[in-house]
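Chain nomenclature is as follows: A, B and C, assigned in order of appearance, with residue numbering initiated at 1 for each chain independently.
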Amino acid sequence: MLRFVLTRVSLVVPTFIGVTLLAFVLIRLVPGDPIETMAGERGIDPERHARLLREYGLDQPVLVQYGIYIGRVLRGDLGKSIVTSAPVIEEFATLFPATIELALCAVIFALLLGLPAGVVAAVRRNSIFDHGVMTVSLAGYSMPIFWWGLLLILLFSVKLGLTPVSGRIDLLYYIEPVTGFLLVDSLLSDQEGAFFSALSHLVLPAIVLGTVPLAVIARMTRSAMLEVLGEDYIRTARAKGLSPLRVVGLHALRNALIPVVTVIGLQVGVLFTGAILTETIFSWPGVGKWLVESINRRDYPVLQGGILLIGTVVMAVNLVVDVLYGVINPRIRHTR
Amino acid sequence: MTEATLETGPVPASGAPPHPIVEFWRYFRGNPGAVGGLVVILAVLLLAVFADVVAPHSPVVTDQNAFLKPPVWQEGGSWTYPLGTDAIGRDMLSRLIHGARYSLVIGLAVVAISVLLGVVLGLIAGFAGGIVEIAIMRLMDIVLTMPSLLLAIVIVAILGPGLMNAMLAVAIVVLPHYVRLTRAAVLTELARPYVTAARVAGAGTLRLMFRTVLPNCMAPLIVQASLGISTAILDAAALGFLGLGAQPPAPEWGTMLADAREFVLRAWWVVTLPGIMILVTVLAFNLLGDGLRDALDPKLKR
Amino acid sequence: MTRTLLTTISAVAFALAAATAGAKTLVYCSEGSPENFYPAINTTGTSFDANSQVYSRIVDFERGGTQVVPGLAERWDISEDGTVYTFYLRKGVKWHDTQKHFKPTRDLNADDIIFSIERQWKESNPYYKVTSSNHSYFNDMNMPKLLKSVEKVDDYTVRITLNQPEAPFLSDLAMEYAAIISKEYADAMLKAGTPERVDQEPVGTGPFYLVQYQKDAVIRYKAWPKFWGGKAKIDDLVFAITPDASVRWAKLQKGECHVMPYPNPADLDAIRKDPNVQLLEQPGLNVGYIAYNTTKKPFDDKRVRQALNMAINKKAIVDAVFLGSGVPAKNPIPPTIWSYDDSIEDYPYDPERAKKLLAEAGYPNGFETDLWAMPVQRPYNPNARRIAELAQADLAKIGVTAKIVSYEWGEYRKRAQNGEHLMAQLGWTGDNGDPDNFLHTLLGCDSAKSNGSNIAKWCFKPFDDLVVEAKRVSDQAKRAELYKKAQRIFHEEAPWFVIAHSVQYKPVRKEVIDFKLSPFGRHTFYGVDLK
């Protein structure tokens, strides 16, 4: 097991270096620079511009800059944002929990609906329910989620007034950030209504972000279940007179979960792309919006650091999925 | 028409398998979703081709007396602009019709670019092996690890916003899927006896690549490509929504949505309609792709 | 044991809640996160709004106006030749003692003033590079060239000597970048090895002190009881950061905030109808325009420029793009600035005459041109592309084919300043309310050279003479006269198609008392009360 994990980790290292280098080089290829961009219509005289570039170390060849940067990263220093002068890691730490909270809730939403829907669709293959689930999930998979978000706001917040429009919580509540997850912090703060407020702010964004994963999970669960249900051991279990619930729930689902877990793992990157759009629509203070802004402002350290951190998370999740895969299905572990 | 011909066509002599295309069509036809998708796509295609004839107005001409007119069935609407007008008095219906051109072109062009590049890179990786293969596949891993929308945004930022650049960015972002797919298929095929046979017969590497191996890995590529069209349309629309795709006055649906966002509380039609168009078109391509997969993937046939 | 502890805590919490129940809390739905809490390196109104609550300056703009009034300096003298300014500081001004890492031991004095200026001016100052050395406004206002010396006469008197007379100097000092920070705090943090803290946990002498800041979420302030002007009428001030305009409006409607900036023009009708909300409005201190490149054919001919001015339908642009949030402009300075010449009559929309004029100039069949549109939304121009599209359609009617061009924003400005365009949109937001800040900065010969902000590249001697002279005179009436003459020349020569001045709208809930619009578009909450 340990060796298996180690091999996976060693494979990750070159990718990791590649990702940071690519982010580093690409952002510098974008025309303009942070100082120009900050100057706006008033502009900046070339002499002061050159001096500031020197001060930020941006006058060096890109590879030299990269070397210096990697050196600092290895010492745990991701640099400071050029626009706000705040350490990148600090900004990330305040914004990342919001993204995680949103993404987790989206996945939970997708699982809660997607798994049962997929299982039932498989068991009742070719029924109306099955066709319905497949059609709806394909529509969900085809959904332009930026539009979906606007639509839901229009319906639930504006027309029906059921959910708040944006933000993470009513500002009435003064929540001291402990974990950064408002659902947890609001409970810790012991203020009446705070938790409910945080929850109601989460509903729409989580649905929007969860739509595509929901569709994928439902479809995946269905096809995995279909395959498993056709296997001999299930027939045997049925023949042995085990209750259908036990057969489906215990034996079939357990094995069908493997591809589903993989799919969820692979969805992490997709989820992040969705988070960028969702955060933009709901004014959600997360890292997606932060990174897009950093491109617009040419805030090199933020984009570099952000991609590095996000890349780490994506790779870590993929690793965990790999390992989980081994846990759920011992066969895989032993054959490797 | 075609359908009828096929059905009444000469029945192949018993024992002889039907022509692959005929067989494919049989499977495909049995899938109502896929046929529905195909019909929608044909409709969108017709709209795109005959946009100039079908659209009642020009998609770019503004009417300064009709800013944000609602659709005909709502109070204040008129038959002049059946689906209303946008913020500077352009006919929504005409813009939506012309938008079909953009989405189809985007979908097809992106897939064409990425399939071409992907197949070539995948073939090279599969055939060359060694350091070349490692380099190509690592590069693809890197592209996959970067959040795709973010990467696309950066690429567009480098090249400058615009339709061409947005298509290129999306093509690069989806490239790894095709490379991986091709390489995997190549590796499987290379192990087969017929390849060895061709080698022994003295076929050159190029011939081996394109004449012997490639045709045999087409099925998964076709499926991936047909599904890829929908991804491409969605991604390009997302870029348009962030103001980085096709530039106004081009009536690309995502760009129209971005332009309309500020009117979400006041004029539902400018926000809702382009989204519906995107959804329907993408859904149609996905249905078609599903149908193709079922018909082409022998494993799922029975 | 644990149990009693818990009850005590909740009892305390309850007491706190009861105490804050009577407190007046004003919530402002701001449009974005501030860059940081060091105004000297900030460039956005968003940042200035956030940190001007905390700091005071030597002099201030009166609330709701552009007149300069006493701030930390009670009064001042200006020497006869206009180069020596002597400031007499207020006594007993208390620094905030509310931050964890620093407790002030003395009141504000001349050292703080000198430190705050030198920090941006002299590279030898240990704080010159702390946080950032990009002191944008200090440089934009030309301070490095203007300042000769800043001296301490005694603890409460500071003398500033300039290299040359500069009429707008006092206004320059009232701007946010000139905020006064504590030298004692800076020294203490330098010693502790954490100099950046000065800009993260700000200690000021302003009406509010900072309690909490969470990026992209919230900023909380409390009224500073020992503020030199007397404690603010509200007790708590909260900035709810809400980037989306429609969302801000939804929050205001629900009573989740009291004041919001930059409403969506599309929502204005609904806002006007809401009985709980009052819509304040005022033309902003800005101008949006299309500059003709007067050094290139065909725009070197003023008849062509005049013809185009008559060919573009200004009203349609203002209606369609500004959606009522702009007033059509005829002069290069906004009407809220003194010396604005209202007697000038704008070019009418008259394609026929435009065509004739073009024919006279030798272009009976029109010509081809580019038309630049910036890629970003600016306060003076909500949607440059949409304006370009409308103008393009208008120009087509007189035979002029315009191609819409855009570049990345920094690139756009640089290329426009190099004069690579034929027609380019741009605009300006005033810094200090002085006409010089528009007429000399945007249209003088000094800035017509490459890299200058005069992107019409329009260097017209009779005009330039007027605006340069107006810089040296300190009598306002006389300056106004010079500026009025300059505006006439501008109208006749038509180097710009002036589009509009955007109107700043401020939806404010009815329970808010005495909120005043700032012509600079800032948000000052000192002096505001709640019902």
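By our rule, a residue touches a chain if its C-beta (ideal position, glycine included) is under 8 Å from a C-beta of that chain, and two chains touch if they have at least 3 such contacts.
No experiment lies behind these values; they were computed from the predicted model shown.
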item	value
Chain nearest the overall C-alpha centroid of the shown protein atoms	A
Contact-richer chain pair [A-B vs B-C]	A-B
Euclidean distance of C-alpha centroids - subunit A vs subunit C, Å	38
Distance between the centres, which are taken as Cα means, of subunit B and subunit A, whole angstrom	25
Mean-CA-position distance for subunit C and subunit B (Å)	46
Junction residues of subunit A, two or more chains touched	30-31, 158
Where subunit C touches two or more other chains, by residue	246, 250, 407-408
In subunit B, residues with contacts to at least two other chains	157, 160, 264-265
Of all residues in subunit A, those that touch subunit C in their complex	30-33, 35-46, 48, 52, 55, 82-86, 91, 94-95, 157-158, 165-168, 170-171, 174, 177, 190, 281, 283, 285, 289-290, 298
Complex interface listing, subunit C residues touching subunit A	10, 13, 27, 33, 35-36, 38, 41, 43, 129, 131-134, 136, 139-140, 196, 199-200, 212, 214-218, 220, 238, 240-244, 246-247, 250-251, 256-257, 378, 407-411, 413-414, 417, 426-428, 451, 453
Residues of subunit C touching subunit B in the complex	245-246, 249-250, 264-267, 269-270, 313, 316, 319-321, 323, 375, 385-386, 389-390, 393, 404, 406-408
Touching residues on subunit A, where the partner in the complex is subunit B	14-15, 18-19, 22-23, 26-27, 29-31, 134-135, 138-139, 141-144, 146-148, 150-151, 153-154, 158, 269-270, 272-273, 276-277, 280, 291-292, 295-296, 303, 307, 310-311, 314-315
Residues on subunit B engaged by subunit A in the complex (per definition of touch)	33, 138-139, 141-151, 153-155, 157-158, 160, 230, 234, 237-238, 241-242, 254, 257, 261, 264-265, 268, 271-272, 274-275, 278-279, 282-283, 285-287, 290
